[in-house]
Every structure is written in C-alpha cells, then in structure tokens.
Amino acid sequence: MIETTIIEKEGVGKLRNPVMVTGLPGIGLVGQVVAKYMIKKLGGKKIADLYSPHFPHQVMMTSKGGIRLLKNKFYLIKLKERDLILVVGDVQAITGDGQYEVAGKMLDYVQKHKVKTIITIGGYSSGKMSGEKKVFAASNNLKTMNRYKDMFVFGETKGSIVGVAGLLPALALIRGIDAMCVMGETHGSYVDPSSAKAVLEKLAKLFSFKIDMEQLEAEAKEREKMIKKIESEIEKQTAGGNKDITYIR
Amino acid sequence: MIETTIIEKEGVGKLRNPVMVTGLPGIGLVGQVVAKYMIKKLGGKKIADLYSPHFPHQVMMTSKGGIRLLKNKFYLIKLKERDLILVVGDVQAITGDGQYEVAGKMLDYVQKHKVKTIITIGGYSSGKMSGEKKVFAASNNLKTMNRYKDMFVFGETKGSIVGVAGLLPALALIRGIDAMCVMGETHGSYVDPSSAKAVLEKLAKLFSFKIDMEQLEAEAKEREKMIKKIESEIEKQTAGGNKDITYIR
Amino acid sequence: MIETTIIEKEGVGKLRNPVMVTGLPGIGLVGQVVAKYMIKKLGGKKIADLYSPHFPHQVMMTSKGGIRLLKNKFYLIKLKERDLILVVGDVQAITGDGQYEVAGKMLDYVQKHKVKTIITIGGYSSGKMSGEKKVFAASNNLKTMNRYKDMFVFGETKGSIVGVAGLLPALALIRGIDAMCVMGETHGSYVDPSSAKAVLEKLAKLFSFKIDMEQLEAEAKEREKMIKKIESEIEKQTAGGNKDITYIR
Amino acid sequence: MIETTIIEKEGVGKLRNPVMVTGLPGIGLVGQVVAKYMIKKLGGKKIADLYSPHFPHQVMMTSKGGIRLLKNKFYLIKLKERDLILVVGDVQAITGDGQYEVAGKMLDYVQKHKVKTIITIGGYSSGKMSGEKKVFAASNNLKTMNRYKDMFVFGETKGSIVGVAGLLPALALIRGIDAMCVMGETHGSYVDPSSAKAVLEKLAKLFSFKIDMEQLEAEAKEREKMIKKIESEIEKQTAGGNKDITYIR
C-alpha cells in the first residue's frame, strides 16, 4: 500500500443530505467518546474503512486471535431528516504530510457522497478538572459562526488545532464545504466523558435527534468522583494553594 | 531506485498450490531461524530478490571482497503436494510507509504466483527464559482460526505485531488471501533456537513435511544451557526473588 | 492534499514587468517585518494562497472563532513602473524536500507571471545588538552583483542561507531568472525592526518607491531602547568585559 | 524541485570507453581528496550538475557574494585511451531513500554515456593514525576481484559501506555494470591526504595515467607530522599504554 485508501462496502447507495462528523483520537478523547457513543446508541452501520501507510506499521491482535490493520472507519447513522457519516478510528497519521493526505482522502470520499457540512469533534485543553464544561467552536466560514453563536462559544479558544479535527475544516474551505470544529472543554490529561456529554447535548440539538444519555452520564459521574478525589488530594498537599493552577500537565 | 523492486530469476515457472512463509528479522529472530533452517534442510532455491530504498542506505561487504545491497529474498521449496515460497532477508524497512510499501510489493508478487495462503513467522515476547515454548497464532479470518485451534494457541497474545509479520496478514485480508501469523514464545532479548524448534515442529505438521531437526535441537540445547546459567546467576543475586519476574528487558 | 498547491484569485490579469519579493519567517524576522510593512503602507492586494502538506499539520484559530490552514500568501503591489509580487506567510516547510517543493512551486507560479527578477529578504546573524545595521546581499549572477555593489554589501557574509530565502535564488539560476538575497544585519535572537528599516530603505531606492517610515522607525527606536538596556545590564554584570562578545545565542 | 535532477552542459558528445569514478564526502574525505586532485592535475572539465531535494535545504554563499545550491558535479577527464567521468560534490543526500534516488539517477546518467565500469572511492576506518596505508577494495563481481587481487586488498574489510560509495556498485550489479569500491585505509577522524595518495597511486596504475603527486605528497607529509605529534602526546599521557588502541573515535 503506497497511499491512503478508502474501501467502501457494497450497497451504500445515495445518502440524504449527509453531514460528516468526525471523532478521532485526540485531546481528552472527547471526539472519540462522542462518536462511538452515537454509533452505539443511534445504531451506526459501518460503510467504509480507511487504511493508510502513514499510520504506524503495526497491526492489532484481537482477543479471539484475530489480526487487523490500524484504520479509521466510516459509519452511517440515519436520522429522520438526514444521514450522518461518522468517522472514528484507532489512530491518526504519524507524519505531517500523512495527516494532510488522510484528511484529503476523507474529503474526496464525503464529497462523492455530496456532503455539504462537516463537524469535527475535539477537546480543548483548558486545564479545568471538574465543574461545567464549555463547548467551544471554530468554523471555516462566517455564516456558520453567526448561525450557531448562541449554541457554541466562538472566539474564546486560542492557538492551533492539531490533526484531522483542524485540517478537515481548514481544507474543506478550499473545496467550498462549510465546516466547524466543535471542542469540548477538558483538562487534557484524562479521558473526559463529562466533556463528551456536554458536546453530545449540543449535537443532539443541532441535528434534532434524541439519544439515551444514561450510560454516558453514569461514566461522567464516575469520572467526576475520581477527579474530585484527585483535586482534594492535591489541595491537601498544597494546603490552601491556588485552585486555579493546572496541577497536572 | 525510487521504489521497492522485486527481481525474479528466469524460469521460475508455474507453482503448485503455493503458500508464502516469511521469516524476516524480528523478536528473538524466531522467524529468521525457522525460515533459514527450512531453506537449508529442505533444499530451498532462490527465485527472487527484493530491494528497497526504504532499507538502510548501506551495503554489505562479504568476506571474499564482494559487495551487495541489503535485501529480502524469496526461496522456493518443493514439497510433495505443494510449493512453499520462503521469504528471508537482512533487514526490514526503516520507515513506516516503507514497511507498507514493502509488504504491498510482496503481496503483489505472491499474488502473481496465485498464493492463497500466507504464514508469517515471528516471536512473541513473554519474558520467559527457559522451559517449554508455546506457539501462538493470530489470523486474518475466522475459518483459519477454527481450523487450527488445536495446533496453535489463539487469543492469548496481546497488543500489536510490528513490521512485515503483522502487516502481511492484515493487508492480505483486503486482497482476500487467508493468512496467519505464527509466533514462537520467547524471552525477547536472545536469539531463541528453542522457540524456533517449537514453531518448526508445528509447520512440519501443518504442511506434512519431514525435516532433520538434529542441528536445531543441538543449538537449542546449547542455548538452553547458557540461559539456565544466567537464570541461576540472577537467582543467586536476588536470593530467592520471584522467578516470574522478567529480569532483562 | 498531497502536494504544495497555489490557488490564485480570479482576475489577477497581466502584470507589468513584475518582480518577486519574499519575506517569510526567518532570522530576526527581518524579511517578514519588511514585507508586511510594505503590504500595509503601499496597499498590497492578495492575489494567491499557497498551501503545503509540508507545513505543520495544524490549523490556526482566529480571535473571532475562525479556522484556517497555515499558508504563504502572494500580494500584489502596483508601483509606478512595475508590479511587485510580495510573498509572506505563517511558516516555512518543516522537511528538507518540502522546502525544495515549496520553492519550486513558487517559481512555477511567478514564471507564469513572467517574473524576471527575484529578491528574497532575510536576516544575517552577526551577533550585533545595537548601532547601525549593514545590508548584505548575495546574488545568483555576476551582473546583479556588479550593478548593485554600491547599494548592498556583497561578499562579507559567510556560510549558508537556510530555507526559501536561499533556495529561491539558487533554484532560480537553473531557470535563468536573476535573483538576489538581501540580508539585514541582526543579532539573531530578537525581532529586529531596526534591521528591517535599513533593508526597506534600500528597497525603496532599488524600486523607486516612497514609503512612510514613521511607524517602523518608532518600533525600531522602541526596540533599540530595550536592547540598549539589556546591553548595559550585561555590561554591569560582566564588569568591563569585552563588548564584542555575542552574549546571547 | 521534487526529484533529483541532473543537468548536462551542451556539447558533451560521445565519450570514449568511459569509466565513472566517484569521490564524494565520506570517511577521512579520502574519495573527495583523490577526485578533486585528479580534476585539478589532469584538467577535468565540468559536464553536468546534479541537484537534489534530498540535499540539505540550504544554499552556499561564495566569497564574492554569489549564491548557489548544494550539488554534486560530473567532470570529464580525457585520458589517452579512455574518458573518465569524475563525480565530486558538497554533500550526500540526508535521507535513506534520498540516497537511493541520487545513486539511481547517477546510474541513469552514466548509462546514457555507456559507462561499463564504475569505481567509487572511499575511506575505510581502521583507526590507524600513521604509517603505510593499505588500499582495500570490494567489488560487485568475481571477475573484477580476480583481475585486481594483486593491486587491491580484497576481503579484509568488514561490515557495511554507507552512502553512495557503497550504493553505486551494489545497484550497478542489478544493471549489469561492473563496479568496485576502492577504500583507502584511514584513522577516520582526520582528513587523510596520505591515504588519498595511496589510493591515487593505484588508480594511476589502473588507468595508466601519469599525475604530478608533489602537492599531495607535501600535504600528506604535513598531516603526517601533525598526527605523529598527537600520537606522541597521547603516548606521554598514557605512559607506555598499548599503542594499538584507537585513541580517538
């Protein structure tokens, strides 16, 4: 294999007003948790696999004795009024130009399905451990920013977005596709189901779908408890130190 | 040379129900020891060389004053009922995308010869120094797993397989070729003829061939003696410490 | 995206006797400061964007909640007798062959516009902190050296020029395009508006344009004051040490 | 520039029974010293330049204020009975696949000129500081080894040859071109004109040419004096230590 390859299953057919939503491994695994939860609860069906020579040159062994390539996967979720193409996966490309190639091939694929909107989901590391998590966003066009300014927090995130969550919307601009990166606020050093929950609530509103949040809420509470414990430990040790400090990097 | 190139000798002709078996440098050199031993004892004949710009940019000097590229080599072993294509070599590709390219070219080549089964041989590092060595396996299809579940241990290995031994079966799946990675249990820090012997016994059964094991058994015994000595040294120093600890990494 | 791509806006039309001038990030940011200042004060209009998979795989978030690729940009400045194509940008390519690719694509683009002269602007690190800054130059042809030997200091710079500022003139030679790298003397560890000012004065003379220097002069004075302070601090600490030593690397 | 490119000057014409001889930067600079000396003393004329995106992305400034790409150069030396194509240059490619690409392009070029013999010159690091220097060789074919076994020392060098000096003969084998790497024995940490002299004497014999060795002999003597001084310093400090030890690595 010398370039990134997407293999679509047979019979995918024509999609209705499709939107691409990505949740690949990244900060706090926010995107991954959201996307996998949606696939599970909304009944996602796999429609394509993406393989890349820019992924690590190793393969996974499964618990049953199977063997498979590292990959990214495209799932189809059929909502009432539109179809969602969800992208999840084991890894992201490990080289810079590999990242550009993978993002480009993903765009080729969803353009074939006439996708006109892309939402990438990521985490934004604010160092905040517990409490309410904001949902930030950045878009590749002004219209989207204006339209969703009451739903997401625009303009409060600084710096750069690394990987597919950033490259997809930025490359989409060149192709005339509206795109937005939605970022759950997170500490950055933990898997964050609580931030994932905050993001998922917004997406449910955005695309008018209902989803059973029970399991994610349970995970979030469990994690929140653990984090609170860590916080109080730190507080004891630093005896009245500044709570705003980011303790763990 | 700008891409991996396989050069076949003239007159290879049509192969009978051929199987590809690879034994490239890897953990414990298990695959390499097995494959080279088979070539020697079963009379392998070289049919092709593989060169790659993704191998290190250095060449070997031979003891007679010769000079040659680093390469992988394809040997033909004619068994009663089928032909085996054995792959051995000096090195594996040093970059990630180089690994994918080499594995892809190997598959192109054996597909040309209508290979329908691939066995890659590797080592699985369990940290075990002496005693009986298990032979693990992982396959790219369920049928193979079921068929050989009494011969190999499936599902006990964890994590990932790095390099050609893993990439070949995983990439073979996409092409519809049945493949299996056979892994001899080994410590991981030593060349392990004892593990190689365990693997070779399984292969002899799998492909119904007879092979004189005397030399490999002698090497295994020699090595076993050395390892036992190291183990007892370690035991003395740690005065009754836990034997299960992996002493050397 | 698998290769460096330049996207030109519509309606650029035919240019009059155009010259390419580059000011990409580099030593002391001299080139960048000069080019951005010219675009601002002489009314540059963007005519093209350059994207590259060899730039870092991250995207910028803007203060308003926008998102965009890292890029290099081409601006058009219309002088009385000729057009200038100015090149500025966020970054340079991060790999060696990426640098060659980007420089090559830039040359392809300006050749399409029949550019026959290229000036790249950079900084030359002499370790000098304050005082008058020389303007060095190196050219890819003897005619240019002779023609401008009274305007720029040729032959006093040693070693090599890293990145686009060097590659463009050197690659231009192969294509028969006259080119020169103009280097403002600078310490190397600071942004240097004072060196930028020295370079800009030369360019104004070279291309016969007038430019309001007030703002750049103010910045240069401000910076100069700061530097003098640092110098006097260092002097105190080293109590009469050799002023010519380069204190900071 | 996206691949290695060789640009030949006009009017090179047909060569008489040409041999390629390379002397690129390497161990002890033995090859470079030999090749440059031959070009100077035997009147080499440049016939082609080789540029590569796999060379470092920086350009050289000349003492007169010029600017030029890093490159490799082909020179033509006309001997009585044959033509020599000498290859010298600033650098070698910095990546592994870049090395393979450059070597491949060089072979393409000399094959166009019907070169049937290739000699690469390198150094072989034996750790020996002073005294007589052996001239080792390794060849890609048995015929050459037998033919020159009285002139060069075959089979005493161990390990691998890194870079173009090794890749060219090894890749030449695939193309059916006879090739040999000639290696001057050298310490490895110094430029070694004395080893270069030993190699050059062999080449003069091999290709039946006369060359004024005076200047190289003077340099060798000068260097030998310096080395002897270092050796006696080391001896004093180690007071009777083993002279065979390689002191500097």
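First chain written, first letter: the chains are A, B, C and D, and each begins at residue 1.
Basically, a residue touches a chain if its C-beta (ideal position, glycine included) is under 8 Å from a C-beta of that chain, and two chains touch if they have at least 3 such contacts.
Keep in mind it's a predicted model, so treat the numbers as computed, not measured.
Colleague: Give me the set of chains touching chain C intersected with the set touching chain D.
Modeller: Common neighbours, chain C/chain D: none found.
Colleague: Where centres are the averaged C-alpha coordinates, which chain has the largest centre distance to chain A?
Modeller: D
Colleague: Chain C and chain A are one sequence twice: same or different residues at the contact, by the over-half rule?
Modeller: Homomeric contact, different residues on each side for the most part.
Colleague: With chain centres defined as C-alpha means, what is the inter-centre distance between chain A and chain D in Å?
Modeller: Those two chain centres are 55 Å apart.
Colleague: Starting from the mean Cα coordinates of chain B and chain D, work out the distance between those two points in Å.
Modeller: Distance between chain centres: 39 Å.
Colleague: Go ahead and list every pair of chains that touch.
Modeller: A-B, A-C, B-D, C-D
Colleague: Okay, in this complex, where on chain C does chain A touch?
Modeller: Contact set of chain C toward chain A: 1-2, 7, 51, 53-69, 94-95, 98.
Colleague: Under the definition above, what is the set of chain A residues touching chain C in their complex?
Modeller: Going by the criterion above, the answer is residues 3, 93, 96-97, 99-101, 103-104, 137-140, 142, 145, 154-163, 166-167, 169-171, 173-174, 179, 181.
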